[in-house]
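See the structures that follow.
Heads up, the next two complexes both have subunit A, just with different partners, subunit B and then subunit C.
The block that comes next holds the complex of A and B.
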């Protein structure tokens, strides 16, 4: 029966009593190559039919139970391997996770997502001037200005939280920038408090979420 | 969840409200390590044989849409 993988942790850590996993399945664990992996035996994603959201939340609940006590490397949902031997092979090939888990042991990932408010996302349009009457160059200037505004806001958050940030990464797409901060687990509240006072331009909205497992900061994901 | 006067929303990682739910689904579906290998799975009665996980994820998102669930935002 295929194995649905939840996450990898360091071995020998005390494990909380886990509730049931996806679809009420038992959560099992195995240690191999200096890693501990948590999984459930599930016949396949067809078990999720009609309940994908619930299954994803059950998956999240298992990972969160483990993450509250220790660093975890979560798998993307849904990740399946065929059987125990394939899992053993995977852990053997990824024994480098041990170093990542040691490095991230006391660290969590906070995410700052900065985007334009809905009322501000309409301009500039993608018509590049044709329908809106804007010239192509003005369209490009507007887009550049919007991009810079996002980057500037991101930098404000970076500066506001720098005392608590171990590493900082950003990913930008049109009208949105996602910032990832690596923060000590014990400093999350202070970090959030520092960021709460950042002045955000009226046409931007900011969501700060976490703590999450430090997926963005893995050495070799 | 709390909101400051500066258009800043703080959201935890518990599925206590719909907004946090989307954050959680976004992370569960779009973050985390990817295993590349040969997989034989079945989704909604359709067999997906020997496909990469990226293809599977696309299918999951499509399935979410078909079920009337808004897919979480993805940058990847």
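The block that comes next holds the complex of A and C.
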């Protein structure tokens, strides 16, 4: 029976009593190559057909339970392996996770997502000449200004949380920037408090979420 | 301001951003109605064109900031990029796609149109 994988942790950590997994399945664990992996035996993706959102939340609940006590490397939902031997092979191949888990042991990831509000995102366009009545140079300068505004807001958050941030990464697209801060598990509240007073321009919205597993900071994803 | 496991949107984003590799054992489902195949192909092609357009736009902004473009060149490049963007959006709309649909989810690699920095 295929295995639905939840996450990998360091071995020998005390494990909380886990509730059932996706679709009420039992959550099992195995240790191999210096890693501990949590999984459920599920007949396949068809088992949660029509309940994908609910299944994803159940998956996340399992990962979150484990993450409250220790560093985890979560799998993308849904990740299946064929059987136990394939899982053993996977863990052998990824024994490097051991070093990542040791490095991230007391660290969590906080995300700051800064985006333009809907009304500011939708630029009026016509199909012939692009944004109505706009010159080419104005178009480029507007784009430059939008990009800089996002970067500047991100930098404000970076500076505000600087004392608590171990590492900082960003992913930027045209209308948003996602910033990831690696923060000590015990400093999350202070970090959030430090960021609470940051002011951004009115056309930007900010969402701060976390703590999450430090997925953006793995050495070898 | 912070959202945790009681926030479905944050959960969805977090679940979708995990970095470990998906298994090849996950069956890939392809909906092969003629209409969907056409839309899928359009999505792929338009995504790649939009990626190239955005790369060109970033390069144009860098060159503009570096002062290596004349005003005339800035105007011409800007106009070309603006028209190309409008045309991509128009074609996408013809296939029932929104601009957000062109930012393909590449699994462990993130999204196609996101620019990662560290």
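As a convention for this text, the second predicted complex is superposed on the first by the 212 of 221 C-alpha atoms of A that agree within 3 Å, B and C clash if a C-alpha of one lies under 4 Å from a C-alpha of the other, contacts with A are read in each partner's own complex, and residues count from 1 in each chain.
Definition applied: a residue touches a chain if its C-beta (ideal position, glycine included) is under 8 Å from a C-beta of that chain, and two chains touch if they have at least 3 such contacts.
All of these numbers come straight from a predicted model, not from anything done at the bench.
Chemist: Identify the partner contact of A:52: answer first if only subunit B is touched, second if only subunit C is, both if each is, neither if none is.
Modeler: first
Chemist: Check the residue A:18 against both partner chains and state whether it touches subunit B (first), subunit C (second), both, or neither.
Modeler: So A:18 meets neither subunit B nor subunit C here.
Chemist: Could you look at A:174 and tell me whether it touches subunit B, subunit C, both or neither (first, second, both, neither)?
Modeler: So A:174 only meets subunit C here.
Chemist: Where does A:135 make contact in the superposed view: on subunit B (first), on subunit C (second), on both, or on neither?
Modeler: Touch partner of A:135: subunit C, not subunit B.
Chemist: Report for A:30: first if it touches subunit B alone, second if subunit C alone, otherwise both or neither.
Modeler: neither
Chemist: Of the two partner chains, subunit B (first) and subunit C (second), which one does A:199 touch, if any: first, second, both, or neither?
Modeler: first
Chemist: A:143 contacts which: subunit B (first), subunit C (second), both, neither?
Modeler: second
Chemist: Touching subunit B and also subunit C: which subunit A residues?
Modeler: On subunit A, the residues that contact subunit B in one structure and subunit C in the other are 2, 5, 44-45, 53, 56-57, 59-60, 64, 73-82, 86, 171, 173, 178, 192, 195-196, 206-213, 215-216, 218, 221.
Chemist: With touch defined as at the start, can you tell me which subunit B residues reach subunit A in the complex?
Modeler: It is residues 4, 6-15, 20-21, 23-25, 27-35, 37, 39-45, 53, 56-57, 60, 63-64, 67, 69, 75 of subunit B that touch subunit A.
Chemist: For the complex, give me every residue of subunit C touching subunit A.
Modeler: 1-5, 7-8, 10-23, 25-27, 54, 57, 60-61, 64-65, 71, 74-83, 85-87, 89-90, 103, 107-108, 110-111, 113-118
Chemist: Would you mind writing out the residues of subunit A in touch with subunit B in their complex?
Modeler: 2, 5, 7, 44-46, 48-50, 52-53, 56-57, 59-60, 64, 73-82, 86, 90, 117, 171, 173, 176, 178, 192, 195-200, 202, 204-213, 215-216, 218, 221
Chemist: For subunit A, which residues count as touching subunit C in their complex?
Modeler: By the definition above, subunit A touches subunit C via 2, 5, 8, 44-45, 53, 56-57, 59-61, 64, 73-82, 86, 111, 125-131, 134-141, 143-144, 147, 167-174, 178, 192, 195-196, 206-213, 215-216, 218, 221.
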